[in-house]
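Heads up, the next two complexes both have subunit A, just with different partners, subunit B and then subunit C.
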Partner chain A sequence: MAELNVESEITGAVWKITTEIGARAEKGDVLMILESMKMEIPVEATQAGTVVRILVSEGETVSEGQPLVRLSD
Partner chain B sequence: MFVRILIANRGEIACRVIKTCKRLGIETVAVFSEADRNALHVQLADEAHCIGPAPARESYLVVDRILEVAKSSRSEAIHPGYGFLSENPVLSQACLDAGIVFLGPPPEVIRVMGAKDAAKRMAESIDVPVIPGYHGDDQDDATLQNHAQRIGWPCLIKAAAGGGGRGMRRVNDAAEFAQSLAAVRREAKSFFGDDKVIVERFITQPRHIEVQVMGDNFGRYIHLGERDCSIQRRHQKVIEEAPGCGLSDALRSRMRAAALKLASAIEYKGVGTIEFLVDAGRDDEAFYFIEMNTRIQVEHPITEKVFGIDLVEYQFLIAAGEALPPQDRFNASGYAIEARICAEDPSRGYRPTPGLLREFSVPQLSEHLRVDTGFRSGDEISPWYDSLVAKVIVYGESREDAVRKMSDTLARCRINGISSNIPLLISIMENAVYQRTAVDTNFLQTYGDELLTPRQAALG
Partner chain C sequence: MSWEAELEELRYRQQLAYKMGGEERVARQHAAGRLTVRERIDRLLDKNSFHEIGAISGFATYDESNAIKTFTPANCVFGRGLIDARQVVVAGDDFTIRGGSADASIWAKFKMAENMAYEFRMPLVRMVEGSGGGGSVRTIETTGRSNLPGGVGTTSGLDLCARNLGQIPVVSIATGPVAGLAAARFCASHFAIMIKEISSVFVAGPPVVEHLGQKLTKEELGGHKIHTKSGVADYSVDNEDEAFVAVRRFLSYLPSSVWELPPRTECHDDPARADEFLISAVPKDSRKAYKIRQIIESVVDSGSFFEIAKSYGPSIVTGFARLNGWPVAIMAGDPYHSAGVWTANSAQKITRFVDLAETFHLPVVHLVDCPGFEIGLDAEKSGVMRQAVRAIAAINQTTVPWCSVLLRNVFGVGGGAHQPAGRLSYRYAWPSGRWGSLPLEGGVEAAYSAELAAAENREEALAKITSKLSAMRSPFRTAEAFWIEEIIDPRDTRRLLCEFADTAAPLRTAGKTSFTLRP
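Then we have the complex of A and B:
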């Protein structure tokens, strides 16, 4: 079973997590919304899979390249 | 005049207000979040107080905390800058209750002008034009179509509860109406849970033109001409110009009269801006009131350059109870342009690019070049606040001269460590359409690819 981390493309903060452990995500589904410089930036699933881990919590700061969610196909 | 004031803001505007205070001999009290401990505004102020953690809602937006610092530091007034609490009636009211001067309008004026619908109704009631439309409760298909016919084609159908560009459609003629109405109703229902729609005139070539106004405590209202802020991305201004081009004298005087009428109708005190849309797609010079900003605006320096005045100083003078000079004492000359340098990457959908500003330098300042910024080389551009790094303001004899100066200046600005929009700003200055004539708010959307491509290639 292949696992893959969805990473943050920006430096910012986690505003809202819109998925949960065990949820099924299709490619392009929004998993969480980050906030940076007063902009909301959605984080989308880069491939289809099941959410096996959420690696951050709401309000936490994240940096570019940091893993946010682990998907398993 | 005041002895000591508190500045409830950060970044370039806090630094800019401090500058005027220093010139006038007013002591300054800065507030800062934990993320801004080493910020320029903190160092420039006479004293500074931490008001909480990085997120603005836990620091720069906490009215009680700011008021507490104002009281303990014995500040006589609070300057709110723009953004944050500048148009929040709660701070204005709290200042009133605490006997501290709020450098902005009283709470009731912020309430009226802050709610867009109320502001438009107020404008309509004194015959200041607003975008022709139908906002009524009768949602019968035939009624709506009759109103569209009356307003004229093309029209816009949009969700009454809408926002953010969703649930709206352009309708070119009567034949398209029924189908578009059904589509907007469906979208309105699913996005906003309410299928009520409004019908408005569709502005094909909107230009964003605003009039700077001032009002004192003695019933005198002054205008300071126009600013053209039509170059925008996602409703955020990118380039602003004063006095703007391609506006007839007749149109300018009608807009100024409308702005002054509004300011006097609400007995406005302080500095403010009345924003209009001018429909460049029509030949009747139609313009419509869109909103009023009851604060100093980001782009105020271009008005300062052409009038040779300091608007922040006027905020102090008016609040201290002094009378404004008569209109004929305010005379404009020359042409000013402001460009906003932002920490963002236009080629990647204007993605924010916070980070360490390793190097930031600008050419030698002069009477033709002003740079307002809250950052120095080595500062961190924080993801917690907006992306504005600096405002470059140039002053020339003519628009052509100012455009050339802006282009030269931007090319000599050095910014390293983060991506910025400087290449896009230069492309705009070098764009033939922009150089030739006034543009409308569709400009960046229309020419976006063209503006971004050559620079990319040159850099690649």
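Then we have the complex of A and C:
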């Protein structure tokens, strides 16, 4: 089973986590919403898979390249 | 009597040159996952089109009978060839000979490649690999003296590189580790390509920076991840063949020199194609981001968008595209990155991109979403204001036809530079356009501080003022005053941009710009 981390493309804060462990995500599904400069930036699954870990929590500051969610196909 | 014997010697010497650094070095190059310079040139150019110049130049030793004992070719291979049936000059470093170092090269070959591209007005492709420059410190021992950089009778050649940027398209590929002057030559181009896991580019490599206490691999110090973000590289690819495809693609939008106009290609896409999703592409909630690349791809000729410098200053998207077959330069804000504000880096990106469009007569299409310049202490420390006013000066200095489409935010000094000042451009606004000197958020507190301080219920007063101003901010009120000339259905954007490109085509004027683009 290949695992893959979905990484943050921006520096910002985790505003809302919209997925949960065990959930199935298709490519392009929104996993969480980050906030940067008062904009809501959706984080999408880069491939289909099951959410095995959520690596951040709401309110946390994340930096560019930081892993946010781990998917397993 | 004939000269057959001499021609035989010429062919013999050519065969020696084709061996490059010898079997073992060539095998080592292949083992490292890299092509040799000659293989690269063959793959880059149209089939069998390479006309080499100076193939037999190098360093020979002779026996007593005056026959060649050993021969090391110069480690720069160059000549003319075709890319999509257009002539170019290509020059590549041969890493199999002294690691591409300049102390195994004949400097006049580099210079002739640069001069040939300039004089004969042909695009130049540099394939850079090695250190270049004055060679290693070992050169002191071999020459018996220390080389003065820029000393009497010498230049680094960067003067030629810079001069070329104002005359012909220059593309460079880092085809391996690149340091020192070679890195400078890589960077002194319009389009600098790195290859993942093959290219690394630095001022000085890992052994030198280790003296600073930095123990880094080539990749960590100057790999594609570093330099697509630093702005030293404009593009990265997975392998060498993709690099050659990228060179072709980049050049396809440009004329062979500033003395010609960008070539039109046949358009297989309906100029009146109207994608339905555009009517809801920009969310009504101004806090919600949208994907600008989907919008760009929808309005330009299908498959024609070619993004440049994606990871550098990412709040601005830049690239080439075609409209009804005409090449254009596309610039747009990206709300996914810093809400689309201009940072110091994105402002530098704008300056370089707009200058590139001006140099090669590409009309500019600007899809505007500019909430302003980046604010805060880090932004001030980055010198965003100087870079931003420089970008605005570059926009104002353009003479190429320009069309702006206001998608969403047009705020502040940056917003004011959405089109060149002082001349007429095309301009359209989507109904989602919102503008002002400042966004209401934050602006109300500053402008109505006295009223708010005097109010019994501050929050209530703030909400009241904000709601009153919001209602007055409708783009239709602006259009009523003719401050914006046209509000359009977003689905008509492609048709109108194609019409713009048709209108702009005869206005493009070949020749040199009033300034020369700097690297």
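Everything below uses one rule, namely that the second predicted complex is superposed on the first by the 73 of 73 C-alpha atoms of A that agree within 3 Å, B and C clash if a C-alpha of one lies under 4 Å from a C-alpha of the other, contacts with A are read in each partner's own complex, and residues count from 1 in each chain.
Going forward, contacts are C-beta pairs under 8 Å (C-beta built on N, C-alpha and C of every residue); 3 or more make two chains touch, one makes a residue touch a chain.
Fair warning: this is a prediction, and the values are worked out from it, not measured in the lab.
In the superposition on chain A, A:A13 makes contact with subunit B only, not with subunit C. Put subunit B and subunit C next to each other and count what each touches on subunit A; the higher total goes to B.
In the superposed pair of complexes, A:T61 makes contact with subunit B only, with no contact to subunit C. In the superposition on chain A, A:P42 makes contact with subunit C only, not with subunit B. Subunit A residues 9-10, 36-39, 41 lie at the interface with subunit B in one structure and with subunit C in the other. By the touch rule above, subunit A contacts subunit B in their complex via residues 9-13, 35-39, 41, 59, 61.
Looking at the complex, you find that subunit C touches subunit A at residues 287-289, 335-339, 341, 371, 441. Chain contact summary for the complex, subunit B toward subunit A: residues 55, 343-344, 350-355, 383-387. Subunit A makes touch with subunit C in their complex at residues 9-10, 36-42.
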